[in-house]
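Below, chain A partners chain B and then partners chain C, in two separate complexes.
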Partner chain A sequence: MLQNEQEYIRILKNRLEGTLPAEDLEDLLSDYREHFRLGKADGRSEDELFCSLGSPEDVAKEIRATHLVKKAEHTCSCRNIFHAVVATLGLGLFNLVFVLVPFIILVVMLLVIFLVGVAFSLFGPAAFVYAILQLLGFPSFSIWLSPVAGIFLSVGITAVGFLLVIGDFYLARFFYRMGISYLKWNIQMITGTVHTE
Partner chain B sequence: MNIQFKKGVLEICVLAVLAQKDCYGYELVNEISKRIDISEGTIYPLLRRLKDEGYVTTYLQESGEGPPRKYYRLTDSGRKEEHELKEEWLRFTTAVNALLVGKNNAAE
Partner chain C sequence: MSADMPNDGKKYCIKGFLSGSGTTPTRIILWLVAIAVVSFAIGFGILAVSGGFSPGTAHPNSPFTHTAWIASNTTDFPLDGATSGNISVTMGAGEITLNGGARDNILMEATVFSKSPEWQPDFSSALDNTTKTVRMTDKGHTGKAWFAVDSPNSWEIRLTDNVPVSLDVNIGAGDCQLNLGSVNLHNLNVHSGAGDTGIDLGRYRGGRFDATITKGIGDLTLKVPGSGNTRITVHQGVGDITGSGFTQNNGAYVTPGFNPALPVNEIAVKQGVGSVLLEMV
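Up next is the complex of A and B:
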């Protein structure tokens, strides 16, 4: 593979086009073009400059992840946070454990709370109607100790269901914010290792 | 020996160099890679992030030859950050050095 300026710029552009706004991308590419220009003026070859810059793929990955996390921070949505997490996963195997696992655990937990909440919210009113019918003397399979206890219990279940759904929403918001901070920190710490000799 | 440091160190280095003088990208990269072996390409994303966080600003300045160069300058909050990170780093390395060298020598 050719290791020249054109190739370096091409790889960066390919990987970031469509993710980064065109203006930002052009600004970034101009930084690297300037680097090559001044390096060559310094008497270094394009191949040499390419090698010391390191992998353009890694640079693109980092910029992509940073950008997508910023976007998710700006506009809260499932889609944005999902993209941010996926981009961060690409930064290293390490993140399978430190990003993917916590992410899955959180999503499953929030989903379970939500589903239980919805189930309670639906079951409660149904049980309420059932208890009322029972009280009015309709024939029924007696699932309650008494129709009156049934009314209280069904109201309670409905209330708990609503609380779970609402609470889940706040919990999701809380973890979303925490997650963004964590991803930022993660990107900063995991990328760009420095070696000393 | 090949000790791996994470990016936090690179951030301190960039801020420290800029605290001494405004630099253009290539100059900054050289200042740092003169002393430590880095993937030079990672400095530019780092500079973008520092700019996003308001620690540095950029301006264009004409040079003797070629098109104008993009210079990076620390902002006030960048200076503060540089100061804090440097203090923290020095405290940490002093403590580690003391452990490595042994108590007697470190007491001097």
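Up next is the complex of A and C:
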């Protein structure tokens, strides 16, 4: 049970320190102090104000998730989207299904495509060299049915490898944008509001 | 936010380099697609022309069938005055088609549908008085390429119709079709590990013969002439036996008018798993 306004602000501050920049955090806390001040001026008790705002833990979770999603939107990076997903998971247990599962599937899919692309990109040149050596009669055993065909096929495999890696990049970018939109929608659905900093 | 600046700078630097050199990501992708398509087209084209694709009956719609036919490789074994033949054909995996109708004075014509050295079987032949022995043996996977498209092992063999022949066919895995109606058989032994086997003796007019057919897994279709004096015994593990037109005689299938006092064509079938279809022609 909360004792007073200071405790509410203190919990909010503790939960958001390190997530929001100090200046933004101070602005946010000022807004909440102002909200309390105006509420008391209107004759509302602290308990009423606590009820209308919700628990400081939940409010901090919402603000944190919204902030991290926006941060991921502005600066594309694996770390940012990961933090945004983790923060969104904290909003509700059902997000394990609606956020975590799709996120893991997408990550695994992109990782597999990337690894296959890298494998092709590395295997192609190696197979190309082997085909040349096979043509010259150096290796003791053959890996290509026809070394001349092997030269062309290894070039094709290399090109497909590069295409997979490049395609994976564009696919990741597409899913990144889709993911941000989905996380924003998810937060909006859970909280019913969109927090602005 | 300031920490992001170096990355942005690097990104713009790469972009600037690409645009400065007249290269855009779209152009790179188009080039890679073109290189991949052309390389695969040429590579598979070379494989097809050099006989790297199987032309067997399992691939009737293969666009490479025609080119692979061009690449077939036929080896003849003349009779050399022999009055009987002893032929052994052993394949690890693939397809065997065996027919009669070899050219005059030729005991066996063996066609391998690839000119690649890796896919050529080992041949041996010897003449012992009046019997010519020919062995055709698959090398197995030793020395074969890893990246062969499908199994190019496809053999078509034609045997002489003019002298009696003892024939051994051993196939580990794969289908084999033996059309021996015109061949004069003395003995026939067929061993198949896995795969379907068809033996057509429908128009057989040769001398008496004994046959043993041993199969692991796969269906067997055996056609024999109704006019012959033939007895077929079947020992089967799992599967159906259909013997249309035959008469049951002491657990064996016999042709109509079967007379044990006359020369009998004895066929013994040992089947593990699979159906056995006995047809009378």
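As a working rule, the second predicted complex is superposed on the first by the 184 of 197 C-alpha atoms of A that agree within 3 Å, B and C clash if a C-alpha of one lies under 4 Å from a C-alpha of the other, contacts with A are read in each partner's own complex, and residues count from 1 in each chain.
Criterion: a residue touches a chain if its C-beta (ideal position, glycine included) is under 8 Å from a C-beta of that chain, and two chains touch if they have at least 3 such contacts.
Bear in mind the structure is a predicted one, so any value in this text is a computation, not a measurement.
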Chosen between chain B and chain C, the partner touching more chain A residues is B
Who does A:V155 touch here: chain B (first), chain C (second), both, or neither?
second
Is A:G179 touching anything from chain B or chain C once the two structures are fitted on A? First, second, both or neither.
neither
Output check: A:S146 vs chain B and chain C. Expected answer is one of first, second, both, neither. What do you get?
second
Answer with first, second, both or neither: which of chain B and chain C does A:G117 touch in the superposed model?
neither
Given the touch rule stated above, what does A:M189 touch, chain B (first), chain C (second), both, or neither?
first
Touch check for A:R37: first (chain B), second (chain C), both, or neither?
first
Chain C partner contacts - residues on chain A that touch it in the complex:
75, 141-146, 148-153, 155-156, 159-160, 162-163, 166
Touching chain A in the complex, chain C uses residues 1, 4, 25, 28-29, 32-33, 35-37, 39-40, 42-44, 46-47, 50, 52, 116, 118, 143-149, 152
For chain A, which residues are in contact with chain B within the complex?
28, 30-32, 34-35, 37-39, 41, 52-56, 58-59, 62-63, 66, 70, 188-197
Interfacial residue positions of chain B with respect to chain A in the complex:
2-11, 24-26, 29, 33, 36-42, 44-49, 52, 65-66, 69-70
